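Order as written gives the chain letters A, B, C and D; numbering starts at 1 within each chain.
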Amino acid sequence: MTPDLIVFLALGLVAVGAAVGMLLSRNAVYSALFLILNFATMAVFYLVLGAPFIAMVQVTVYAGAIMVLFLFVIMLLGAEHLERHTSVDWQKPVAVLLGLGLLGMVGYLLVSGQVTLGTITTPEQGYGSPLEIGRALFTEYLLPFEITSVLLLAAMVGAIVITRRDAPNRKKR
Amino acid sequence: MVPVEYYVGLSAILFTLGVVGVLTRRNAIIIFMSIELMLNSANLLFVAFARTFEALNGQIFVFFVMTVAAAEVAVGLALIVAVFRSKSSINIDDVNSLRG
Amino acid sequence: MNFLLEPLNLVTFFPLVGVLLLLFIKKDSAARWISLVTALITFGISIWMLTLFNQSDGGLQMEINLHWFSFAGWDIRYALAVDGLSILLVLLTTFLTPIAILSTWHAVEERVREFQIFFLLLEVGMLGVFLAQDLFLFYVFWEFTLVPMYFLIGIWGGEQRMYAAIKFFLYTMAGSILMLLAILWLGIEQGSFHVPTLISLGGIPADIQIWLFLAFAAAFAIKVPMWPLHSWLPDAHVQAPTAGSVILAGVLLKMGTYGFLRFNIPLFPQAARELAPLMAFLAVVGILYGAAVSFSQTDVKKLVAYSSISHLGFVVLGLFALNEQGIQGAILQMVNHGISTGALFLIVGFIYERRHTRALDKFGGLWTVMPVYAVLTLIVSLSSMGLPGLNGFVGEFTILLGAWGAATGVLGSYWYAALAALGVILAAIYMLFMFQKMFLGPVTNKKNEGLPDLSRRELLTLIPLLVFIFWIGLYPKPFFGLMSASVEQLVQLVNVLP
Amino acid sequence: MLLSETTNPGGVFSLVPWIVFFPVIGLLINLLFGKRLGEKFIGTVASLASGAAFAVSAALFFALQANHGHPVVVPFLEWIHIGDLAIDWAFRVDTLSVTMMLVVSGIGTLIHIYAAGYMHYDVQYKEDPASYVRFFIYLNLFIAMMMILISGDNYLMLFVGWEGVGLCSFLLIGFWFNRSPDGTPGTGNSYAAKKAFIANRVGDFGFLMAIFTTFWVTHSLQFDEVFHHFEEGLVPEWAIWAIALFMLLGVTGKSAQIPLYVWLPDAMAGPTPVSALIHAATMVTAGVYLITRSAPVFSAIPEVQGVVATIGAVTALFAATIAVGQFDIKKVLAYSTVSQLGFMVAAVGMGAYAAGMFHLVTHAFFKALLFLGSGSVILAVERGHHPIGEDAHGHDHHDDHHGHDDHGHAFDPQDMRNMGGLRHKIPWTFWTYMMGTLALAGIPIWAGFFSKDEILTDALHFSLPIYIILTLAAFLTAFYMGRQVWLVFFGEPRSHGAEAAKESPRAMLIPLVVLAALSVLGGFMNFPTTHQFGHWLEYTLGHFYHATQFNANVALGSTAFALAAIYLSWLVYGQKPRQTVKEADPLEKALPGIFEGMQAKWWLDDIYEEAIIKPYQRLAAFLADVVDWRFWHDWFHERVLRDGFFGLTRFLANPVDLGVIDGIANGLARAAQGSAAALSILQTGFVRNYALWVFVGVVLILGTLIFR
């Protein structure tokens, strides 16, 4: 049991626990908090995998911005405990069943060893550093970079337009 | 030395939890969070493979996924707010005006 | 302009001049005269063509071979030519047509103009069939002849004319479909439709030859008609007008036997040799069956129709003896049959015009009433019966001699000739039966009393035929001379082993 | 056979074609001018034409003697030339053909003269004077055809004459085509004519087959070449048998031998001169001439000779028995002719060609005499019955009910029962008739004795049974001739016609007298010791001729038999002559069954009718009606082709078109609706459901990818 493996297992367990917690918690806020925990473990994973820039971005964008937005909206709508009546309840067992089926297939694929990938080794110096990623972004992936900027702009405008309260031309009753 | 298969296994578990979450929970926001969880599991795998194949593309791709996710969350939550305002409920089953 | 002045083109398409003139004519009598004059001029042209014909050369003469049109890589040629095999039949056609037209003076009363137009068109078709050297052109003319004959029977025929006309048309058409397939196969495989080139190419494997032979034979056997495929003939003849019957029996039936001679034998020599016994068998059955059936007929026209089946059985037997005597005899018998059966139908037409009935038992003792008519009928029936010294005998004797000689060769047994010779006796029986029923014995039926004897016009139609009956009988040398060179070539072609 | 010189024959021989041309010219003259120039002109022109032919024959006879009998071939015209088949119209003049020419044209001329007189009356009785010219046209045509037959140089030209005389016999037998043999209007004569022609045609079929075999074995039909092949032995045995037997079939048809003789008795329906010329003297002998001409063919194999001789002998005896039982005067003579022909065929069959030909010549003389005599008798009785012509001056057709005597049925002038005691009424006819009878019976000095004796002598050398049969036949011959004479000329006249019988005019009696003379002197032509006639034929027959030595006891025997037969006939018929028309024939009481058979011609005619003619009619009717019309025409064409086609179209139209194709189209539509309805329950409206189905799709696809 190499130290890497131990680290991996520990982090893995934490991540899965958080995910399960998110699913099962009645209260939306608790599930949000569990999700934040999950994102944090993800960041640590990225560091282990030699992607320090991504880890940092994960922490700042995902855990920081998106989850904060979630919490804000939950608080705004007061939707913590809205699970009153359940309908179409035949769906839950089917979903779980399908999930297990999916896991079974991936497991079978890995166990049968049809795919031999590789092993993770300690990254050499400056592998995932912001310098390389920045250079890559602004050379090879310049066009997608610009497109994402336009996408973000569109998203902001959309969000504002959808949530405006007193838009004059909205739903004529 | 951790073989990549473990990472694939882990991300599969996370992904499945996300899917189950989407299919079982009725609260729109929880569903939203489950989608974020699925995205994250994908990102994990991207980085893992980037690492094994010594290629940066994976990580750059993750970067882009994150930007898209952010845009998506913005618009999604705006929708949820709009829906809540009109139906005063964010239970996904009530949103069935498109019924055939 | 010189294209039209070629002898063969002139003789084939000259009747169209008559047709054009007829389009503008209103009076019936004028129409009759124009068509008669056109037919006579055509006969004159054919005589001129005869003078140009060189007897000693067996090959094709006065050949016209122009590129007609090419279609999907096939080069279809407008090819006409005449040789020993077809010259006599061309002359027979141009000789019989004016006679047939002359016989319609009082027979056809209504829509005379259209009748004459169809008749001249028929002549064009027939001449085309005998002169065509390109399979495609031959097929065009072959089908073309059906149309005018269909109208001749359909419009001017007897009570069930439509039934007979349709039956005639469909029977021949059905047969020629198979022939068309064979023609196409030849065109594709051998690359050309031109008959002389096909003959020189040769080299068709034996088993395929058999199928091609049978395909062509199907079309010609119906036309001849050979035994199993003959049931259209009695209907067609009984319902056809007199002139129609004369031309139908005189020339149209010969297109079948000519087809065997021109296409089946030279194009597929091995198949011809192999299938000769089968064809000879059908021919002999045709001879005996035709003679027996005609003996017990009550309608005189049907009796003569069945006699044609018997006579043409002789011709086919002669053709498939595949030796000089057989084939020359067959060709001469085609001409003889055209003359004697043409005359017989004229004779039946005369009595039909007077008594409007064809039932044999309505006549009796006509000799005392119409002696000239009786004597001429006697001569014609003797010729048709094959009395030595008249034309029928020369043809039949040479055919039977050829068939007898071929017994050791291609036919394989003497039975064919022996049974065919029996046909001579059966022929005598039904002919004498007819003659006795019509002419001998006392005059029993009151209506037969005052019948007028033959008029000058009617005599004019019969006399030329009688002249040929005696001429071919006593001195056939010029006729044999015309065809001997070509037949010799044909016989060598067929009998040379591959 | 001496090969004939075919170098251009000078002088007389080039006249040969004229023996055919003269009769044809006579025929044409009568045809064109006959009607306008009256009976006298027609009779003389016809007789002159035949006489000219006789003159040319006589000239040829003398020229041939000067040429020492060497045969001469006179080519005339080319006929059929195909490949190695080369046949020409060529005339052959040799001792055999000249003999026949003399007989045919000689007797022909006599009969023409006789007919000029006879037909004058016959035409009156048949109320058709216009047909007088038609008779002489046919008679001349017959002479021309017969000349072609005997002067032809190849088998095919002989065949032309052969069928030509067949045609003439058809025309002449059926001369009175609108009457029956007993004179009443009907189709009897035409049936007899048709029967004769078809019977001949059957014989001609055999001859035709012989010609084919000959050609393909010897590659020629010219006599010299064919016989050269036979003498050199180049012909295979089966071919000889085939040629000989087929030719024999032809001979039986033409010369009325056993199987095909049935037409000759019926041929008596023709006018009497016809019977005399054609059915006694000339045409029927053509068969004998053919066998003599083809001597090399028939004498190649002894067994063949045996067959021919037996047929001849059996015919002789068989016909003689029938002749005894006949009552019609011409029928007796007809069967007598068949019997005598049997004698000739037997003779030439045995190889005794000279004896056969000699009997042919003498038989021609006395049989023509007998027929003409019987014609004169019939005419005398007919004129006695209802007189017309010059002595009655006005055609008193008072009894126009056509001569019914008191018994109501038609009076048949040819029936011997109506005659009797005519020797005083028609003395000339009687005496000439007696000459013929004695010659036929074979009494010494008369011609018949010499020729018949030679045949009997040869028969003795050839084979005993044949000799016995022939002698029996000779005995019967003498008997029935005696019977005839007693019935016709002796006793009392038994009918009004016989009572008032008048002698025939001179024009008819002259030929009778001439023929009577020939019947008496004819025998000396070939006197047993000198054999001039035999040697005359030797020029043609070559080594096939052998002079028969005179055999005394055969001659005595046959004479004794003849006298005994006549005495026997006197006992039965002469002693108590028959009194009435009705009474039965004495022989009927003596041998009832046999006589009835004899009279009914051994029912052979009926057997033929039942065995051949009726089955053929039934077969033809069956073929025409059932096979051809109902099967081929109605069933095959209508039911199979037409209805089959209609059925096919109906089948294609309804079940296939509507059922199948529409069915498929509608089926698809229904399937679509059904599945749509089934799928609609999926639209629950819940977003989660859709997500679920999306996920299900993902799982399924992933599954197939992994586990494929």
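As a convention for this text, a residue touches a chain if its C-beta (ideal position, glycine included) is under 8 Å from a C-beta of that chain, and two chains touch if they have at least 3 such contacts.
Note that the structure is predicted; figures quoted are calculated from it, not measured.
Ranking A-D and A-B by contacting C-beta pairs places A-B first.
Separation between the centroids of chain A and chain D, computed from CA atoms only, is 129 Å.
Computed centre separation for the pair chain A/chain B is 6 angstrom, with centres defined by C-alpha atoms.
Chain B and chain D have centres, each the mean of its CA atoms, that are 124 Å apart. Mean C-alpha position of chain B lies 97 Å from that of chain C.
In chain C, no position touches at least two other chains.
Among all residues of chain D, those that touch two or more other chains are 684, 686, 688, 692, 695. Shared interface positions of chain B, i.e. residues touching 2 or more other chains, are given as 19, 23, 26, 93.
Here the touching chains pair up as A-B, A-D, B-D, C-D.
Residues 1-10, 12-21, 23-27, 29-30, 32-34, 36-37, 40, 43-44, 47-54, 56, 59-60, 62-64, 66-75, 77-82, 84-86, 89-91, 93 of chain B are the ones that touch chain A when the two sit in their complex. Listing the residues of chain C that touch chain D in their complex gives 167, 228, 230-231, 234-235, 289, 292-297, 306, 323-325, 328-329, 365, 367-368, 382, 387-389, 393-394, 397-398, 400-401, 404-405, 408, 417-418, 421-422, 424-425, 428-429, 432-433, 436, 439-443, 474-477, 480, 484, 488. Looking at the complex, you find that chain D touches chain C at residues 77-83, 85, 89, 128, 156, 159-160, 162-164, 167, 170, 174, 177-179, 185-187, 189-191, 193-194, 197-198, 201-202, 204-205, 208-209, 212-213, 215-216, 616-617, 619-621, 623-625, 627-628, 632-633, 636-637. Taken together, the chain B residues at the contact with chain D in this complex read 19, 22-23, 26, 92-93, 95-100. Of all the residues in chain D, the ones that touch chain B in their complex are 680, 683-688, 691-692, 695.
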